[in-house]
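Have a look at this one before I ask anything.
Here the chain labels run A, B and C in written order, and each chain numbers its own residues starting at 1.
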Amino acid sequence: MSENILQLENITKSFDDTDVLKGLNLSVKHGEFVTLLGSSGCGKTTTLRIIAGLEMPDSGRVLLEGRDVTNTEPNKRDVNTVFQNYALFPHMNVAQNVAYSLRLKRKNKQYIEKELGGVLSLVQLKGYEKRMPSELSGGQMQRVAIARALVNKPCLLLLDEPLGALDLQLRRQMQMELKTLQKRLGIAFIYITHDQEEALNMSDRIVVMREGQFEQIGSPSQIYNYPRTSFVAQFVGNANIIRGTVLGQKDKMVSVRIGNTIVLTQSAGYHLKPDRDAVFAVRSEHIKLAHCTDEVNGLCARVTEKSIAGGMLRIVVKLKDERELTAARFGIDVEFDVGDLVSVSWDAVHAVPVDVEEVGHGGE
Amino acid sequence: MKRYQKLTYLYLSVMMLLLYLPIVLVVVYSFNESKITSVWGGFSLQWYELLFRDQAMFEALKNSVILALSSSLLAAVIGTLAAVGFTRIKPWSKGVVEYVSMLPIMIPEIILGMVFMAYFAMLGLRFGMLTLVLAHTAFCIPYNYMTVKARLVGMDKSLGEAARDLGASEVRVLFDITLPLLAPAVLSGTLLSFAMSFDDVIISLFVTGVNVNTLPIKIYTQMKTGVTPEINALCTVILGATLMLVFFSSVLHRSRAVKSQPAAGDDAVKEELK
Amino acid sequence: MAGNNSIKGKPYGHSLWLMILPLYLFTLALVAGPLLYMVILSFQTRAEGWGIVNQFTVANYINIFEPVYLSTFVESFRLAILCTVLIILFGYPFGYLMATLSPVWKKRVMMLLMIPFWTSSLIRLYGWIIVFRANGTLDQVLMGLGIRDTPLKLLYTYPAVVVGMVYALIQFMILSVYSSAEKLDFSLLEAARDLGASPVQVFFSITLKLTMPGLLSGVILTFIPSMGLFFIADILGGNKVVLVGSLIQDQLMKAHNWPFAAALSVALMLLTTVLIFLYKRITHTTELEGMG
């Protein structure tokens, strides 16, 4: 048995002369929860459909448990999908919907009843067997869709933004339920979302996707603490992107000149060449602000804005050279007012190089 | 606009009256005792009696029903399958085939009739029920195809994909998902085809055999020769049947519309019930 | 099923081809075939008595231009135009006014319209015979009211045919105009009135333009059939009114001149095709105008 449940090798796909997928590579292990994270149009749904067999790639291979299934029809793959709009069969009740795949396989009545009961309990919909899809709420429909896909006991489950249509509270609740479910069943999940919180909460690994390419693949903490590109840094969480010139590197620390100040960043496993421009990401919550009395210090800035966004207090400061940085704090106010002079600093370990051209290692 | 309301009602009423005038006359005179329509001889059901004893008439009716049933069902199968198939595969020839299959309802009936007659003669086919069914199916298919196609356009594609994803072959998708959901459209298309076939005069005249009479042909020939009020009675009966059909289909239409509406109720209420 | 066929990168099974196959076969054998045969037939020569001789000729087409035949075309054309004009005059207001009704009445009127629509055309035709024949209803009314002394023998006359045709086809116009007028935003008309336009101006500058699609498709749906509805002319007009349709039927049934009948048919079809083409051109221009 192959180590990976799924392998994508150099998948490309174009629609009407537009390149939608530009060479994707991915391995997913058994029982892993992988999230494809990206904004609309980046190609995540297309990728999912190719894995499911509803689209065929222009080139590349799809391997399920080591076997090449690139040309296999969707009904022959041991993969099931939970569709974004649930796609429940409107003319069948809940039981018929969920048991559909079992009837296709000509399982006998007892087997179907047993499995049906099992999976409905799993999604907490026991007793709803006779209801029609039109009688269900959004959350209930979604559970039916999940149950329908799970009853087959596939080795891989694909979920296309399943929580998108639900309200915030329900979404949070379902996130937890799905994660628990996944761990319990030990089935590999490939989950699509544009919501970074969801991705960070649920995944074993996140694939950040952008314009048909996998920008970075890593665990939530890798993605968050060691983003490889400025896109990833800004897409997941809030980050400040800072440019400077490398002065030198020693062990895991790098000294960088920004303007006429020298700051320290970490190397994140890269080998940065001196006298070269480099880009760094520092997360808003890691920006330290202190009262600044003398303007000579290069990273002295003036507070230009204080506002509440995303549950945190945002403080925007403007440096001498007109560059803006954003700091974030909990709470609703801070001791600085708009117009105050503050000095900006950070712990070296929180400044990570991004967009490095050499083949670098992103994180530990 | 409100000013013209009275005028509107007046105009529409007058037009409606004119529209119904011939029909009403036919019905009224079917109960006429006298044979000559200009003279009202009193209420009588004698023409209905005559009608029900007319063997030839029943023969023609039977033929019409068989013909309409066969043609509309055949057209339903061919048209529906094609409409469904074409949503998934679109070969380059699709446009051409669609257009050509629509021609029977775009060409004047007289020409179509003539064309079929010449063609069947050339093929050496015996004129009769077979040629009738073939010709009728040809002009029934467009009705089925268009009705089903219109319904398919609005149908959710992901349902078929979900079924495939769960393990269904294309055939299974057709029978389990597509056809059940298409049922109303298939039915109304078939009803339409049935009506078109049942009512057809011209084409039937051309492609029928000597011994095969359809109802419209019988009525037509009788109209041309001598007119007896028996025709009135026949027309009234058919009218009654039409009325029932129209009523029936509108009831069906309304109940389907209600059923396919998702429960509009409060989502919040449903959440509480969870 | 080992299906690795894909069109545009979507995997599907062989069975889909089987679904569209019946239509292909049927259309080929029973639509394309006959039509093709007819075109071929039109170029062949009529044999003595029955049948045809396999000899290529364009004589049939040339024959069409004989005055007696050409005049039938012209006659049919004139009749069709006359009928269409009348249908527009009576049908357009109906369709439009119907769209101004309240939803409840709209449904009722639609239902009322459906019944004559579904009623056999023959039955409705027969009703007109009753009206028009000597001492028929019309005469009774006219004589009863004292307008006339003697029966007005309208049956087997041109006006009777016109009435019959208009009656048979007017529903298409009504439904067509209605579906167009139903989508009309009546607040536009009110806005125009508000800006100072008279009802006539409102009609010609806004209403007509916006309902033009319905009007034009109604014209197509009525004009083309009216060229071929020979049995109405036959019954209501007798031998007095000869149309192309009757002509074709005559040539076929009585004269057994199949090639000529075929040529007439081809000519008629070409004529209607040209008309449809023109119609498409006009609607295209109208659409562009409407966007201005």
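As a convention for this text, a residue touches a chain if its C-beta (ideal position, glycine included) is under 8 Å from a C-beta of that chain, and two chains touch if they have at least 3 such contacts.
The structure displayed is predicted, hence computed values, not measured ones.
Asker: Could you tell me which chain lies farthest from chain C when each chain's centre is the average position of its Cα atoms?
Answerer: Farthest chain from chain C, going by C-alpha centroids: A.
Asker: Of the chains present, which has its C-alpha mean closest to the combined C-alpha mean?
Answerer: Going by the distance between chain centres and the overall C-alpha centre, it is B.
Asker: When the C-alpha atoms of chain A and chain C are each averaged to a single point, how far apart are the two points in Å?
Answerer: Between these chains, centre-to-centre, one finds 61 Å.
Asker: Averaging only over C-alpha atoms, locate the centres of chain B and chain C and give their separation in whole Å.
Answerer: About 18 Å separates the centre of chain B from that of chain C.
Asker: In angstrom, rounded to a whole number, how far apart do the mean CA points of chain A and chain B lie?
Answerer: Spacing between the chain centres: roughly 56 Å.
Asker: For chain C, give me the residues that contact two or more of the other chains.
Answerer: 1, 10, 12-13
Asker: Among all residues of chain A, which ones touch two or more of the remaining chains?
Answerer: Residue numbers touching two or more other chains: 53-54, 73-74.
Asker: Residue numbers in chain B touching 2 or more other chains?
Answerer: 169
Asker: Given the complex with chain B, which residues does chain C contribute to the contact?
Answerer: 1, 7, 10, 12-13, 15-20, 22-24, 26-27, 30-35, 37-38, 41, 90, 93-94, 97-98, 100-101, 109, 111-116, 118-131, 133, 135-137, 139-140, 167, 170, 186, 189-190, 224-225, 227-231, 234-235, 245, 248-249, 252, 258, 261-262, 265, 268-269, 272
Asker: In the complex of these two chains, what residues of chain B are touching chain A?
Answerer: For chain B paired with chain A, touching residues are 156, 158-159, 161-169, 172, 176-177, 180-181, 260-263, 267, 270-271, 274.
Asker: So in the complex, which bits of chain B are touching chain C?
Answerer: 1, 8, 11-12, 15-16, 19-26, 29, 36-38, 77-79, 81-82, 84-86, 88-91, 93, 97, 100-101, 103-104, 106-111, 114-119, 122, 134-135, 137-138, 141, 145, 169-171, 174, 195, 198-199, 201-202, 216, 219-220, 223-224, 227, 231-232, 235, 238-239, 242-243, 245-246, 250
Asker: State the interface residues of chain A toward chain B in the complex, per the touch definition above.
Answerer: Touch residues, chain A against chain B: 52-54, 73-76, 79-81, 83, 85, 87, 89-91, 100-101, 104-105, 133-140, 148-149, 152, 170.
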